[in-house]
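What follows is a set of structures to go through.
Next, two complexes with chain A in common: one pairs it with chain B, the other with chain C.
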Partner chain A sequence: MDFGIIKKEVVCTVKDPKVKSVKFYIVQLLNLDKTPRNEYAVCAENTLGLGVGDYVLIVKGSPSRMLDGNKDMPIDQAISARVESIDIDEKYKDLMKD
Partner chain B sequence: MFLAKVIGITWSNHKHYSYDGIEIKVIQDVNPETGQLIGKPIFALDAVGSSIGEIVAYEVSFQAGWAFDHMDVLSDTTITAIIDSVNITKKDL
Partner chain C sequence: MFIGRVIGNIVSTAKRDELQTAKLFIVEVYDGRLEPTGKYEVSFDAIGIGLGDYVLVCGGSAARMPEITSKMPADSSIMARIDDFEKLKKEFKEV
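This part shows the complex of A and B:
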């Protein structure tokens, strides 16, 4: 799972019927200390109700089709949680600088 | 399965409904011979109740969700075991 910040909301009117209820967001991936990485992901999200600027966790690969139960959505990246904070043990703090 | 060390905890109030009662830990791969951390930190759901500083085994990809009682967990990385010790014979080194 990866960590990122929501940068943009994606609006699309014509979608596959299986992803009718799903919203898409553009997420920039971050290091643990919230410094940006030069990587972006388009992620699906269903029930959380997020906005631009929220810190989120991203699930990658085939498990993301579980977004709305076992319904086999054609999705390969999904937002699974909004992150309030990350506690890193003092001993490993230097890892956050990456 | 891979070996990693738990280095932190993530706090999140607003989660996917399948995450109820599950903690999200921050882990980093560890070299079993030297105990040094390698690679980048990643996030993992915790199926066993590990704590910070412990060496754990984690599962990736689709089968990671099967570690929990209910099958429909949205997870691509799950901590599935706490490692007590690792034996490596000299022949392997």
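This part shows the complex of A and C:
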């Protein structure tokens, strides 16, 4: 699992019939203090109805097809949740930066 | 999953039975900033694409989910074509 912010939607009309209902987003991965890392992921999003600017959790590999409605889809990265806030103990604040 | 550009196809005559109907393409891997990385991957075509198209490629066991590649020994499949890559790239820079 990883944490990031949705940057942009990738619009595709020609696609495999199994991913007809799915939207694809470019997600910028973030440190826990919400500063950007130099990494991106292309993720599928199906049922949550998220948009650009939302903080999200992404799940990688075959578990991305365990999400509701994603069964048998040709996807290996998916958005699994929207993040409202992250709380970290004061002692571990310096862990938030990579 | 990653964004890539189809830059070539592969012709092979001696291949396993499972691969007889497979269409194999060379895809240049693009990074999250939509710039080419200089890396390449050989991918199965699941949707019918052409040279020069910008595409989405999925890897691992997801590569065997499209109908066409479901019985093939695939670990990388092209499963969507990006509509307007230039527009996407321009807008991405503005974000």
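Structural remarks
Basically, the second predicted complex is superposed on the first by the 95 of 98 C-alpha atoms of A that agree within 3 Å, B and C clash if a C-alpha of one lies under 4 Å from a C-alpha of the other, contacts with A are read in each partner's own complex, and residues count from 1 in each chain.
The criterion applied here is as follows: contacts are C-beta pairs under 8 Å (C-beta built on N, C-alpha and C of every residue); 3 or more make two chains touch, one makes a residue touch a chain.
From a predicted model like this one, the values you see are computed outputs, not experimental measurements.
Look at chain A after the overlay: chain B and chain C fit there side by side. When both complexes are overlaid on chain A, the residue A:S85 reaches chain B alone and has no touch with chain C. Of the two partner chains placed by the overlay, only chain B lies in contact with A:D2; chain C stays clear of it.
Angle at chain A (Cα centre) between the Cα centres of chain B and chain C in the superposed arrangement: 120°, in steps of 10.
In the superposition on chain A, A:L67 contacts chain B only, with no contact to chain C. Contacts of A:D76 after superposition: chain C is touched, whereas chain B is not reached. Looking at the shared chain after the overlay, A:S21 reaches neither chain B nor chain C. Closest CA pair between chain B and chain C after superposition: 11 Å apart.
Residues 61-62, 64 of chain A are contacted both by chain B in one complex and by chain C in the other. On the chain A side of its complex with chain C, the touching residues are 7-8, 10-19, 24, 26, 28, 39-44, 52, 61-62, 64-65, 72-77. Chain A contributes residues 1-3, 32, 47-48, 57, 59-64, 66-67, 69-70, 78, 80-89, 91-92, 95, 98 to its touches with chain B in the complex. Of all the residues in chain B, the ones that touch chain A in their complex are 7-19, 24, 26, 28, 37, 40-45, 52-53, 61-62, 64-65, 71-77. Across the complex, chain C meets chain A through its residues 1-3, 31-33, 46-49, 56, 58-63, 65-67, 77, 79-84, 88, 91-92, 95.
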